[in-house]
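Quick one: the structure is below, questions incoming.
For reference, chains read A, B, C and D in written order, and residue numbers begin at 1 within each chain.
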Amino acid sequence: MISVGIVGGTGYTGVELLRLLLKHRQVRVDVLTSRTEAGKPVADMFPSLRGHTDLAFSDLDLNVLKQCDVVFFATPHGVAMKHAAELIAANTKVIDLAADFRLQNLQQFEKWYGMAHSCPDILKDAVYGLSELNRERIQSAMVIGNPGCYPTTVQLGLAPLLKSAQALIKPESIIIDAKSGVSGAGRKASLGMIYSENADNFKAYAVAGHRHHPEIVEALEGISGQQGVFNDLVFVPHLVPMIRGMLSTIYVDLTDEAATLDVQALYEAFYQHETFVDVMPEGSSPETRSVRGANQLRIALYKPSPKKLIILSAQDNLVKGAAGQAIQNMNIMFKFAEDEGLAGIGLLP
Amino acid sequence: MISVGIVGGTGYTGVELLRLLLKHRQVRVDVLTSRTEAGKPVADMFPSLRGHTDLAFSDLDLNVLKQCDVVFFATPHGVAMKHAAELIAANTKVIDLAADFRLQNLQQFEKWYGMAHSCPDILKDAVYGLSELNRERIQSAMVIGNPGCYPTTVQLGLAPLLKSAQALIKPESIIIDAKSGVSGAGRKASLGMIYSENADNFKAYAVAGHRHHPEIVEALEGISGQQGVFNDLVFVPHLVPMIRGMLSTIYVDLTDEAATLDVQALYEAFYQHETFVDVMPEGSSPETRSVRGANQLRIALYKPSPKKLIILSAQDNLVKGAAGQAIQNMNIMFKFAEDEGLAGIGLLP
Amino acid sequence: MISVGIVGGTGYTGVELLRLLLKHRQVRVDVLTSRTEAGKPVADMFPSLRGHTDLAFSDLDLNVLKQCDVVFFATPHGVAMKHAAELIAANTKVIDLAADFRLQNLQQFEKWYGMAHSCPDILKDAVYGLSELNRERIQSAMVIGNPGCYPTTVQLGLAPLLKSAQALIKPESIIIDAKSGVSGAGRKASLGMIYSENADNFKAYAVAGHRHHPEIVEALEGISGQQGVFNDLVFVPHLVPMIRGMLSTIYVDLTDEAATLDVQALYEAFYQHETFVDVMPEGSSPETRSVRGANQLRIALYKPSPKKLIILSAQDNLVKGAAGQAIQNMNIMFKFAEDEGLAGIGLLP
Amino acid sequence: MISVGIVGGTGYTGVELLRLLLKHRQVRVDVLTSRTEAGKPVADMFPSLRGHTDLAFSDLDLNVLKQCDVVFFATPHGVAMKHAAELIAANTKVIDLAADFRLQNLQQFEKWYGMAHSCPDILKDAVYGLSELNRERIQSAMVIGNPGCYPTTVQLGLAPLLKSAQALIKPESIIIDAKSGVSGAGRKASLGMIYSENADNFKAYAVAGHRHHPEIVEALEGISGQQGVFNDLVFVPHLVPMIRGMLSTIYVDLTDEAATLDVQALYEAFYQHETFVDVMPEGSSPETRSVRGANQLRIALYKPSPKKLIILSAQDNLVKGAAGQAIQNMNIMFKFAEDEGLAGIGLLP
């Protein structure tokens, strides 16, 4: 039984961490901080938790957090990097669900997040927490940069191709048409987020540039070991009138070597031992509701012509795209069964 | 052709007024003010208006507004009463879609809206704009207090009973279980209004007290001519995960005199000449989508036992419950055909 | 570990039983029948189950079902009563989620379900499975009639008042304004159920009469021990554009004895030992999303005047209103911990 | 004033035709047929029409339809081609909203619609009703094949590029990632269409092949005058949990000639005289709600790199994607003002 702290428990990733961690048999959530709600029982804010916890929000106190074995940051960008040094000095591991430890490229970080990085040294040792792809390094990490939701769908959607010894795809051809439920924008009072602005509506957003674009590029470079080849990658996110759920439809041009490749077999082999990545049978279409509330990503593949491949990659943005993967990383770091606390079945309908 | 001004055009009642007025053949919208968006073309904010108007927001300037024949206030409570005196002095009529001119009872106004009334004299002459019930007084009014959305469903739902020479219902028995789409809360950045807090969810709200309660009580007193008998009236509003639409399910106990009454015939006779009130055939259930975007209120009646009556009363909260009725009142005031600009058919599906 | 069978696994209560039972540590689902899908893996129909079960649908074979310790019927009305005799003869318990064993009044059953009852003797011994109210009889039952969804909200909403030694409410005054998500209508191809007919819409339905009305009346008679006093009860169901969730807003007139009663305290005391009934603090409003996917019913109370009481009663219609309560009954019958398999936290947002 | 008939008025395109035509000042809808509902007033089926028409459904009678100046077929595929010959012989024009007169390629028609074409001669003279692109031929047509909804977004989205004298795009690079509201699937009892299967969910469908694919290819060949170059075009439709609305996100590779092209200016010039095609300013994102109920298609353009172009093309699938464009074609055929009956403003919110 380890002791867990959560910094920033009033957002959607915060309450999702709680929903999952309160049923995890090897952790005890001891601390839950909020700048604005100190003293308030968390179940007063999230009545779904009534009867499941007596935890109340407290002010952020590093001396208290240092008693924890691991602290999750479910905060705005820039908070985790302020406190990481002190926590790891006290041997408390850090899992940041914001962007502070995702990008190794400091200029990109500064450009997209509008702030200088305050602890580049820690960043250098931090591990990017795409669990299935970086499992070994995660095991011994002190600081995890938990991946963005869109980048998770893209990396798991492309990894089998990029990890191949052969060049199977043309990197400059990658087009990611991504769609997300509204909860991805977080729990904050914003005109653009209100019900009547989003229901019964569909649109693209951030077409001219989205923060997850450089994260995707850097991650694909890491996976493939090839620098600079993904600069023409196109990424267009869209907003779907649903609460949870994310689907990336990824289009790639195959190389001549890949024209006769059995991609279905390639993917099935690549993920055969992965609990949380489901390569669906040919002809399937992963629905976001099939993973609603579950730490699961489902993939389906289509080859409309010998030279083209379509990859459908679906997840719950708050689970495999955020809180679930963060807990998966914690399980790896503490050598718990990787699916402990994460074996729930998606809520369908 | 009259000249129209709209104060506060950035909210949902503002854009709804524009949607309707831009197709009205006897008005020209000359002024559209906004505290925050002066200079911005309204179609930049509401792209549905692109191609239909070149109007831009301007700062509120009374000298400009006084050139108008009528000014609509689609503003927060308290704005219209600040400017009404000067406008009517210039012979400009005022239609307030907020609450400033709804309640004649000043104490109730102050209690529920948290401000003293600044022009009780004007209020005294203002007319409550429930078009079908106060048509005659509206014709000659200078200031209209446009009814709240819930009160409109209740008044039109109960008027045939309350206007009867006989006592048909027990006023202390009235229960109003009301349900509204989220647009009723307006267009503002509020945590409680965001998509992920409202979609796939249902709840009651303001059960302990809602601003429309005193308005309903005062209005029913006016319709029935009976003071003080509606004090036990119960009103519970609920929030429905839909954009537009409102249904009030009204329960009343009938008096012995009414036990054998043909209420269906009573209602059909009462509303036989009303374009915008539809008494549906027995056995019907008015769906909110049947009036989506239309200035229409539909009623159905059920008598589960000789002593009880159920009245279903449905409208689009932004049209018959707000902007549409405001324009209906303008049509009455300026002796236009009452349905000019309001003859649109509901958008179904 | 007991052996469980499910007859009719292709509907929403079927898949919900599976979602919950596959994580229940003391049962093994051995049989899952379908008239139309025999041979098909259930995860092919419900991809949310992929990776969680290899179970395939089979034809209904009584010899196989008789090997089970308990069989759930998630079937249309009339199926369970055909097979109950043979199953209980084999010492297999039966939990019917349809209406075959809900109503003891045979005429009412025949009137509302359009068929004669085929085993009145078994019905006589069957127990109505409102877990909290009939726990003792459920323990030793061979056949459970699992309550309807609306009746569950009403019974738990009114039981503390009706079980009191004093007469606290006027039974003829009860008005139930109930609202349900669309999943309550089941998983079937029906024009009235399609997305574009239900989204962004709200309406009452079955106002002239609903099958749950006689069930509510009979159940309240049983709880209160008073026959014939609930005949004037009014029940109006409404359809909400959401998948899961149910809220009943119940209005009652209090007797003079109850005018000074602390109803909040009464309810809290009545349910103090109940895991699955949550009496919320004064001023609360139970949101359906707070119980999404959870076997939980939440209640809040309002007393708008000394003589009137409003009870808000919310649940997930598929869980506490169907599959969850069925499993709760199974837990009671087999002396498992009552919350085994039912301790999940609601999915919010 | 012309006389109009509608064959098949019980679907969503049928009621949408009625919503628009009942307000059209130069037509009178005289006939409305239904195989199943003859005798029933249409307002009994679609209560939004109550008060706007007394029209009742009738059986299909060609002698009656031949009295009409024009007949719209809002029927399943295969109905219009049965009756077209007799109608045009009587000088009655035909506008088919199904696929009978869309594809000139008979083999493609037979392959995708599963039936032989019964009147290839009439097909040869039929005009594909993409109003903006084929206006001249539409003027004198006797039979119109009204375009599919997806193909409308794609053709108007690509026409300025394909009509250019220079080769601006690489036709083999075209990727269309399209998203539609659920009403596109029509009004029919189908399990896949029910609310609980579609709400709060997102998925791709028909990835392996969709009927609109050959229509898109044939249409682009027609626009560009180039045969056989669009065979590698990729088209993936997705289903959005909303009623109305369609957005196609189109990705194309630009040729070297086009690298420095001002595409924004090209599009603005191309559509400068078109009422129903709106090229939005740079940086815009067309929301489907901005055209809800309106006969409008909005386009925005992004050039993420000199060689790539993203085209966002949004419409209401039932209006510009079906009934609205059909009426636009009628207006052209009968030399009415092209926007008569089609000048309504989108319903936002």
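Everything below uses one rule, namely that a contact is a pair of C-beta atoms (placed from the backbone, for glycine too) under 8 Å apart; a residue touches a chain by one contact, two chains touch by 3 or more.
Since the model is a prediction, treat every value here as computed from it, not as a measurement.
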### Query
Over half shared or under half: which fits the residue numbers at the contact of copies subunit C and subunit D, same or different?
same
### Query
If you take the mean of the Cα atoms for each chain, which one ends up farthest from subunit A?
B
#### Entry: Rounded Å distance, subunit B centre to subunit D centre (Cα mean)
37
### Message
Centroid of subunit C to centroid of subunit D, CA atoms only: how many Å?
### Response
46
#### Entry: Euclidean distance of C-alpha centroids - subunit B vs subunit C, Å
39
### Task
Please set out, as single numbers or ranges, the residues of subunit C touching at least two other chains.
12, 181, 183, 187, 196-197, 199-200, 241-244, 286-287, 289, 292, 349
### Task
Would you tell me which residues of subunit C are touching subunit B in their complex?
175, 177, 179, 181, 196-197, 199-205, 207-208, 232, 234, 236, 238, 240-245, 247, 249, 251, 283, 285-289, 292, 300, 302, 304-305, 307-308, 310, 312, 314, 349
### Query
For the complex, which residues does subunit B have touching subunit A?
12, 181-183, 187-191, 193-200, 241-243
### Query
What part of subunit C is in contact with subunit A in the complex they form?
12, 15, 19, 22-23, 46-52, 183, 187, 199-200, 243-244, 275, 278, 280, 284, 286-287, 289-294, 296, 298, 318, 343-349
